[in-house]
Amino acid sequence: MRWDDTTGSRPAVSGTIDSAALQLYAFFVHKLPVGILGASGYAGRELCALLGAHPGLELAFAAANERRGETVRIGGRSITFVAPDDAPLGDAALIFSALPHGVSGAWTDRARSAGAKVVDLSNDLRPGSSDRGVPYGLPELTREQVRGADIVANPGCYPTLVLLALAPLLREGLIAPGGTVTIAAASGVTGAGFTARHDLLFGEVTEDFRAYAAGNTHRHLAEMRAMVATFGADVDLIFTPHLLPVARGILATITVPLLHPLASALGPWEAMYAGEPFVEVSAELPSLRDVVRRNVARISATAAAGTRTPTLVVVCALDNLVKGAAGQAIQNANLQLGLAEPAGLPG
Amino acid sequence: MRWDDTTGSRPAVSGTIDSAALQLYAFFVHKLPVGILGASGYAGRELCALLGAHPGLELAFAAANERRGETVRIGGRSITFVAPDDAPLGDAALIFSALPHGVSGAWTDRARSAGAKVVDLSNDLRPGSSDRGVPYGLPELTREQVRGADIVANPGCYPTLVLLALAPLLREGLIAPGGTVTIAAASGVTGAGFTARHDLLFGEVTEDFRAYAAGNTHRHLAEMRAMVATFGADVDLIFTPHLLPVARGILATITVPLLHPLASALGPWEAMYAGEPFVEVSAELPSLRDVVRRNVARISATAAAGTRTPTLVVVCALDNLVKGAAGQAIQNANLQLGLAEPAGLPG
Amino acid sequence: MRWDDTTGSRPAVSGTIDSAALQLYAFFVHKLPVGILGASGYAGRELCALLGAHPGLELAFAAANERRGETVRIGGRSITFVAPDDAPLGDAALIFSALPHGVSGAWTDRARSAGAKVVDLSNDLRPGSSDRGVPYGLPELTREQVRGADIVANPGCYPTLVLLALAPLLREGLIAPGGTVTIAAASGVTGAGFTARHDLLFGEVTEDFRAYAAGNTHRHLAEMRAMVATFGADVDLIFTPHLLPVARGILATITVPLLHPLASALGPWEAMYAGEPFVEVSAELPSLRDVVRRNVARISATAAAGTRTPTLVVVCALDNLVKGAAGQAIQNANLQLGLAEPAGLPG
Amino acid sequence: MRWDDTTGSRPAVSGTIDSAALQLYAFFVHKLPVGILGASGYAGRELCALLGAHPGLELAFAAANERRGETVRIGGRSITFVAPDDAPLGDAALIFSALPHGVSGAWTDRARSAGAKVVDLSNDLRPGSSDRGVPYGLPELTREQVRGADIVANPGCYPTLVLLALAPLLREGLIAPGGTVTIAAASGVTGAGFTARHDLLFGEVTEDFRAYAAGNTHRHLAEMRAMVATFGADVDLIFTPHLLPVARGILATITVPLLHPLASALGPWEAMYAGEPFVEVSAELPSLRDVVRRNVARISATAAAGTRTPTLVVVCALDNLVKGAAGQAIQNANLQLGLAEPAGLPG
């Protein structure tokens, strides 16, 4: 059923012909039913929207406990939320769980028992939070573990951002041993979830900007550290997130002490991500505008002038709801179900 | 003429009584005339607004070449711009130059020749750009050089932010020698000036966020380095600014490798800035909202958890148009003219 | 130079001399203690901020039930909320109630019983909601009823906006009898209060704009109609409010069929508001930027071209938290307590 | 499952099957080459983005005089602008002109001479500006004139908004004769074009809202009046546009005096637009969020309570760059070239 099987090559991600080919496939082939648990949050609604345009998957149910029975318009379509307990788990080939951390784990077990494959968007099964060894769904790093897997832990948005930015340096051992990697990241408000909190009101966020969880206290740091450790790197991470007055998009500016100066600042990224449909490497600094509503991470790297320690400044941006959540979840689901990896994803 | 002379103590900055005392002073005492060159830009207009409420200074002229003859409303008052060549330089006790870099220097000479004291808001006379040795107007560090001075180089907004944040560590030699200090800073769009550029249009900036001048290429870096050097510190600076979708405010998140862990993360700042009217030190992380429209820098510091190198994360915020430009310029002017340092400044 | 009302003359609202005179007064004269009920909402916090700069009033208590015991920073000062039941009502010369509609009325009775004068910012005592005949606190229309009054109903923000815009036409009988006055108004999100609602989250409001309460279903309409009726006008009102992606400010565009064309479109406003410190009449169309953080309404009027019915388009803007709530409340309090009407208000 | 127009039935606009059918068509059928003049503005770039996903059209050239030679990224693709004089006009089956008013007309003649069909997005050929009788491209009103036409005048964004909202009432003669129809409209900043003007800078627009062209002085009014006149309606129009702090989207709130009360407020719209793929009629008030990035107008209507004259409040929203410009231009091009009307358009 994998339409790119015969050549083994990865399909180009964009361009009308490939897109048409995907649609053609969908037109003749039975679509696979998938379900969503936690469908009313930002990630859940983004899943609904993206699945509405997917050529090989169709929505079997969208469950949301507090808003069960409600009908909402998402991307021009109407979707009625069911209660999770009423969701026909067994009808789905794969279930996305966008439930809150702590709640999601148990539901992924129920989904597996019902025979569905699972993509868990919470951090319950991720490295740093769980030692169950569930494959980590960052396909650019872990594609072969995800392909065909029954259950996948979908990475957090910040870990996706930071790991895609650092992986080429980690893989080639280019970071100065014992050095400190400094990560200043900023996120749009949807990163905090669809939660009615006073501090997320428009009147509080507009014209503001703030750091939070300074001093390495953000929950996602354990996940980053666990993944960095898999490369055998001996580095300190300093991670400081900030809240931006924008709806969506995250951007990290990462300062890395190098073992030695690089011949080409972009070289490691160009080498590792050549042919990757969802990573763009560019000499131009990325901005949120370049990536929102797209399933891509966009990365640039610049050597810092006037320092004694050779230092690289790496900037990476992606849409926290797409490549940082729902888009990546579908990228994983495609791999788990044997579909073309880029199927249904906005490149 | 210094109304706090008799006690030698610095007046408290806020509270109705002190404010009333300042007004009382203004009511009975002749106000000193001041002029503005470059009055139509963001800093120039902020100067107009702040001077409108100053108890000891009054606006003699506001010059703006391209908009000469135009009348604008600023803070509820009408101001008509004159051509710089028509400005009565000799009538002013002090002239603020908010002219562009490269243009300002020559005008400050003209102003001095006409007998006026000068605050130059451009970088023409600042350390890193000039070796004329003009006093650097960051009163919390250089108060005694500014007091009574004929001409002062008003710092850039980013250098004010970074130097106020780092000075306590620099002064006490707490930064690990040879270490790398990483500065991720973000600025509202008024930091780019009142310039009709496509990339500053609302339609381009809203919902966006981007780094610029990555790799230590920002013009303000020389100024920061020159001032850091005055402390004898042996450090690399990595400075990466970002453009925020807000009108005003700048915030820096600075990561500093320490010589040794600190007993109290806030200790150095509390010690150095005790009694300073325009620096707030707080365990709570500062946000733009805390500082906009006020002449204050607000600083927090947190020890990073889980690192081998003892590392501090320092966050500092201020309003780029007030403490980062016009407010600080008035703070300097007050010192130059023998007025109370906080006179007319929103604390 | 007289600031008080013994001469019957209204002091000029801005300019350093008058402001200094007010401060001088405050410096020598005992300040009157005032209290706030419902101090943690947007209007309550604005009251706290404005009172911090008032020359004749000082805050005796700020009560907020849900946040009792919390200390917040407002305008550079720290304020600790008390429980309303613990508030020393009897210590205050005047109490502002910014409690919710339905709750406020009973508390104003308690405040009166304790001997305090009252400004009620809820709609519990306003025309259209109550027939108690409490003076309506729109000083430009009802100054003499407010002066010295024990209790005043502070108008809603939309009624303030619309009534100040329409009063000159109503007073002179210039609106075509039986005609329809169409009001399209738009408000920043603080108009909806400091309420943790999903639809007020930044992620929902940014880049959006919507009408609400279309078809004359907004609660403030009764208040407008009751006040319009006091002029004996025979008109239909169509009022459609909209939600703007801004924090503060409201603007109404009002279309009025005239009895006959006007010699001067601005004439009626210039005549009625000459000398009013807090109403600005201008040929230039007002914008939110002209009025935010100021206690002013700014009004323009333009004759519509190319219509058979002579029609006027009146545009009015004000800050919903200042002239639309807290600022106007202080304006009323000043009149009730015999202080200068503009005391402590940003013109 | 038929997508084309041979049966006279209109295809459903959304849903995966139809979308797949369109893609299938594109996959097997030769795409028609189209060109863009004025490709670097907001409408031009939106055309580039939409054409990138069109199953039956492909971009032959994108001309932009001032930015000729520049390569830009639009929707994940790279496009290099050519000079208009170098554009191969004769290679295109159809040319979109998004050139400025006054300039566009002459270029549409050149395009026609080269044998291409034309959609002119300027107002040079529209009713109210031109008496050449060029078909007006508002397909929901003028579909049969557009089908197969050589040249079409694409409506302005405000006229599209207002005419779609009013047409059902106009067609059925439901507006009170001699009555005044009041239109308060608001537009995101892209409506003002990609022009480096001081008043469109982020720092000026954020947190602001203002009316402009009050008193019926907006250029689009002639176009609206000319089209309203085609229905034989005897009404005054009062049109007041406003500038919103959002990037895209326009919304009009229209107050209409009725000949008599309606049995159903939505009735006329439901009757006229049943089956229209790009008009949504809903009891729920539309918001910008419902329509941005989609080629739809969304309309609601509510009877006003408490008035003597029966009055309807009609609210209509659409994306000024899609249904208000580029999307509608493609809708027209599809009809001119014999393609399925909804081909390539986001429903």
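When the chains are written out, they are named A, B, C and D in that same order, and each has its own residue count from 1.
The criterion applied here is as follows: contacts are C-beta pairs under 8 Å (C-beta built on N, C-alpha and C of every residue); 3 or more make two chains touch, one makes a residue touch a chain.
Computed from a predicted model, the values in this text were never measured in an experiment.
Two chain pairs, A-B and A-D, are weighed by contacting C-beta pairs, with A-B ahead. Chain centres here are C-alpha means, and the one lying farthest from subunit D is B.
Mean C-alpha positions place subunit A and subunit D at a centre distance of 35 Å.
In this assembly, the C-alpha centroid of subunit A lies 48 Å from the C-alpha centroid of subunit C. Rounded to whole angstrom units, the spacing between the C-alpha centres of subunit A and subunit B is 40. Contact with two or more other chains is made by residues 188, 204, 206-207, 245-248 of subunit B. Looking at the complex, you find that subunit A touches subunit C at residues 42, 188-190, 194, 196-198, 200-207, 245-248.
Touching subunit B in their complex are the following residues of subunit C: 14, 16-17, 19-21, 23-24, 26-27, 31, 52-55, 58, 73, 76-77, 206-207, 290, 294, 296, 346-347. Residue ranges on subunit B touching subunit A, taken from their complex, read 178, 180, 182, 184, 186, 188, 204, 206-212, 214-217, 221, 225, 236-238, 240, 242, 244-249, 251, 253, 255, 257, 285-289, 292, 300, 302-309, 311, 313, 315.
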